[in-house]
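Input: a single structure, listed below in structure tokens.
Lettered A, B, C, D, E and F in written order, each chain numbered from 1.
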């Protein structure tokens, strides 16, 4: 308990950490599957990001509430259960209100359940901190994730179709690079992006 | 006894929360399931309306019609009847599935009220390669099916895609996907026409 | 009205709720029984490290999950810091667990490089065109005249995981601010000139040379090498000259006047202070024999 | 007197051979293919080959600059980027737009080679990686061909839309694919054999003339720039595979000789699969690699959906090259040491 | 086509043509994390194959025989993940207790797998593809595991080679692995459309 | 009867560097310079270093033992000249860098040039006069070590050893290194001495078969030895075997493979398969030691290379500085770029010309920049292009590029997995590499790393 009080992080710092220093995709290299799968265009990426924020916030809150009741053997099971429940709700919501997106994202919405980011935050943050910190952490992490997804998706969408948010931005003579919307484009763009981030952070250090 | 006590000590939280979450999901489902079902119907209806211009409302003309697949399997599909404002049958539509270049292709196919002409198709779901197979959605390909005679179609590599007949000109570079679409048409049309004509749902343009 | 709605919801929701209840209870029972029946004893240290880890089983460390990483770290402490989600905090915790067993009394040992010659101080007979590695160069006879001094190809730099050692003008130089005393550099040096010295004082004095050549030979090879003249030994008895080389007993070293004088009187200036706040050694005398050009 | 002497580990002499000389040999080996490309496709060849070479070289230079190499020009001296550029140019359709060629060579060098650390480090054949990217991105452009200038000086394009007179103008392999689908007409393909041998058919710039490629290949073999294992394994396994198919149904499947002479099989066997960087090191590994390339090529040609498979089969076998190398580890002359 | 051919084609298709890693982006985290050495990669592959086969079949059974019958499809995700997590944990404990050597060779990878989306992903895809018999679901699951093993072993081989290369510093580790995976995906496009 | 001089036997791998033997192969062995000062290294062999037996200022006689050791694997050293011990000090040493040497100032008046002993050996030799013990003792006391390279004490090699019984004696007259011709000249000029040495070694080691392996680029040596063997009694089992000219045919593992078709186990030594390999010069030294009771104080050295004004073969005292030898051969021309002790493939490049020659120094090769070729000069090295040439030429069937790159990236376990310790450092791989990767250098370095790691070098 004492140590918990000791390294109780400042809210602002927690928030920023999620955005950059501990950005789940760029720095922790977690949750790569949705990152790759849904970033062919910005719109599904954004939807995915929002769903993740929703699940992250809810599960962090619930876990934070339960944190003193958790028993070691069933801890991970509890997390999984909580997350799965909220993912189901998010999935139902998408089906009900954004049917197009739901179809596009397909099984990648339920796959949020096993997205390492969420269990990671439940374990590393929510199970050790109070409601406020957990909430801020969830939002920070979620936004970090969403931002990264959107950047990646805009690069890919731009090159693959010449559009962003389905709006034409490239001049008409531009011939779209179909490969960018294929797995190749996903892997390579993300790889180069991680490389770029590595260079930037190295320089700062 | 102490075992049971131990058990509850350890896992009451899990049990209670599973129940709680079960309820939560069920409530969400109960609240939104109608919308979800409605969404699907809306989408189908929208596509069917696109195909059958005069359609005003739809009803089910035949349920679970069995279509003999090429893989010796049997697939079932519903046939919907489109009615115009005055209640006349203006066409029929059904959902058809077949394998494309990469994955399954799901189409909505429409025929006219007498089941003599196709009214075209819309892609409900497909996973074809962007830039290749996904051109089946493009109008220059799909418009070839509009008003084509409702019978066996044929895929040709070269020809006039403006001419409306039973010859469908393949998309260059995506012969396979084009072929898949034509094949879906051919798989379904005989059974559907037979069904409609023998069951008497078609032709009595009332 | 509201009650009716709730009743409505409830009646449609209870099967789901009950199923989940069943599932949850079922798993709880099975796992609990299993955890008792199938318990395997593990090393408590592994357990401790395992606890310090985030338990994500994400595989980012390159191991098959947290428990195998825990075992690996215990076996090889150099693997600390591979857990990306845990970050530095986790590394510190693991270090804490491991350090319980390394607890070491006495002053911290830190490396001292027993050479003070920079490139311009040394004699070279020929240009070396081989692999830029001290070990490779040391296998050849004449990469530089002195067979005892630093070669400056930085095998030690590459061995240091903490970026605490750099070759500056051909001489390996320790950055004592960053050095953790891990001994990696001293094991890497093929000439064995990096000694782990117990730093009883902030800065330690040393004879930065290992050359056993005669004074004359040393002079022909290096402007700053120890010539074994014995002046230092006359000032303080912690110096001893053997095999043409003065040695300083680091254990006995005290920063007093005698050692200070010895340092200042050394004709080649090879007695120097090393440590985080050590002053720069006095410049080499230009009078020493100039080496023939390489 | 001895002021210029140096010391270094043994040995102190070396064979008068350098990476550059090896690469230049390959360029020389490709000259016949480039000449036939120029002869049959005229202006297209004269534009595409220099474009690819120049953009490959510039990309490598740029990557070196980005990596802050002390001398970004240094690595250009080994000529490997030139080879990559030429091979990429020779393996694209003659009518590929120049901008696409630039993108292709850029991808080939930047993603195919430099991100792995430059010469020698790449896992995949850079030229083929570039070509695969082009195919995935601009499928239409990569399947649009032209009639050789010697048949029709206007060089009309051939693509699926305007295959006016299929006998003379479609690429041989497209015809073979059609025959496979129709399950008839493969025997007629043999008429094309002579044209495929000299190169008077549609196809990628450098692949059409089996004769030119054979000359170049034999030059490389004679100069010992390449060893015979890979070319032999590729052609042999392709021959066997297509031979079996041919024996099963001569109407549906073209003859093995036709398969060897058409498409990219020969340029693949002699110049692409032999890229030392991306092929196995050991002799046994080379056999496995070659057989893999030949078999997968034929698998794609005969069973798969694409008319040609050299590019994919080379890339696939490149991917397993490290595994091949690992499992074809040499045993020391004195046996494995007993420990 | 007889059943055997269909199963065989389904198997080949999921191993090579619709490889989970290269076309469906599933299981990328362990694919990046545990592909450093071939022996580790192989162990991981085996563990995934084992678990995915088990859970593919089990979730199919639960889905078809329980949930669909009872109209409880909404709880599908929760049930799936609980079944997977529970089964994995049980198998791990069991192996550890009774087959320590087997546990050492691939059991240690099991906990890593619960949070691996290849498993849940495949179960969801089986549901999406409307596979209607248990055998096919099992074969598909097994094939998916084999496909993952193949992919991760290839990558491990490549990475062992890259250890000896001068890869730009900022690209070492995950970035170069991703780029390589991209090129691999490009190479595997050669098989596209081979089986439909 | 026509003598077969074409070699049919060889091994898999190897390469063909330019032989460059024409520079010296016609020059007979002549006495070297009159020494003013010699530095006799106390460590000239594999095994324990000798303790000096003399002190500064002592007067020494030619042939006097001046250093010895009690260790089994060691060999004493002797003064080659009359003179006075100037000091015992560190000297440049080709292998050890700096090592203790007894520095002897020559007695200016009383120092006759030593002549080779070959004159004392005629058309036949009767080894029965010498018992096995006597041969072994004489070989040890004379300080004979292998003169073909590693300098392993010869007594240890030929002495009967019940654990490793020997059946076959192989005499290594290949001299596969470019430039070097001293063994060739010895075989031509000291033919009968060599055969006497062989007979003695055969007797001591208890071998029943003897093969003299000679590369087929030395047809004269093959003919001369063949003829000489015929004049000897009890020499029917001594066979002269021409082997194919290919580097490193003279490596003992390769020679055994070529002649006997047997493989020395990896990490093992020839006695494990019942074989002893002796260099031709070593046999000559054995004969001299046993018959004339003369210690090993002089040896034949080839001084060659394009940068040497008058290349030749010299009979010189061990301990003579390299500079004296080079000067005696007319000094170097301006183009010199590298001074190598030994041949260009395995020799050691030195820069301190006061380095004395040792028992194992068979040549001094001074190369010009042109001979060195593209290698080693900055700008001509590229990354490995994985061409596989190094694998092709490696006589030990290793994967040099994998090993070297593993060492470069400090992955010693990988290097070990590719059998780094099986490398004989022959240099073939570096020689053929088009990318001029320093394969042999890296492998050598890797072996040192490994040895240090194994020993866990105490600080």
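Here, contacts are C-beta pairs under 8 Å (C-beta built on N, C-alpha and C of every residue); 3 or more make two chains touch, one makes a residue touch a chain.
No experiment lies behind these values; they were computed from the predicted model shown.
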If a chain touches chain C and chain F alike, it appears here: D, E
Far-end chain from chain B, centres as C-alpha averages: F
Which of A-D and A-C has more C-beta contact pairs: A-C
Chain at maximum distance from chain E, centres defined as averaged CA atoms: F
Centre-of-Cα separation between chain C and chain B, whole angstrom: 67
Between chain E and chain F, centroid-to-centroid distance (C-alpha), Å: 60
Length of the line joining the C-alpha centres of chain B and chain D, rounded to whole Å: 44
Centroid distance [mean C-alpha coordinates] between chain E and chain D, Å: 34
Per-residue overlap in chain B, given as positions that touch at least 2 other chains: 10-11, 14, 17-18, 21-22, 25-26, 28-29, 101, 129, 131-132, 176
Interface hub residues of chain E, defined as touching at least two other chains: 29, 32, 74-75, 78, 82, 86, 114-115, 160, 165-166, 168, 171, 176, 179, 182-183, 186, 189, 192-193
Of all residues in chain C, the ones touching two or more other chains: 15-16, 19-20, 23-24, 27-28, 31-32, 35, 56, 58, 60, 125-126, 129-131, 136, 139-142
All touching chain pairs, where touch follows the definition stated at the start: A-B, A-C, A-D, A-E, B-C, B-D, B-E, C-D, C-E, C-F, D-E, D-F, E-F
Chain C contact footprint on chain A (complex, rising order): 7, 22, 27-30, 73-74, 76-77, 81, 116, 119-120, 123-124
Complex interface listing, chain C residues touching chain F: 125-126, 129-131, 133, 135-136, 138-142, 145, 147, 158, 183, 186-187, 190, 192, 194-196, 212-214, 217
In the complex, chain E residues that touch chain A: 22-29, 32, 74-78, 81-82, 85-86, 114-117, 119-121, 124-125, 128, 168-171, 174-179, 181-183, 185-186, 189
Contact set on chain E toward chain D in their complex: 38, 153-154, 157-158, 160-162, 165-168, 171, 176, 179-180, 182-184, 186-194
Chain F contact footprint on chain D (complex, rising order): 1-2, 4-19, 21-22, 74-75, 77-78, 80, 117-121, 227, 276-279, 281-282, 286, 329-338
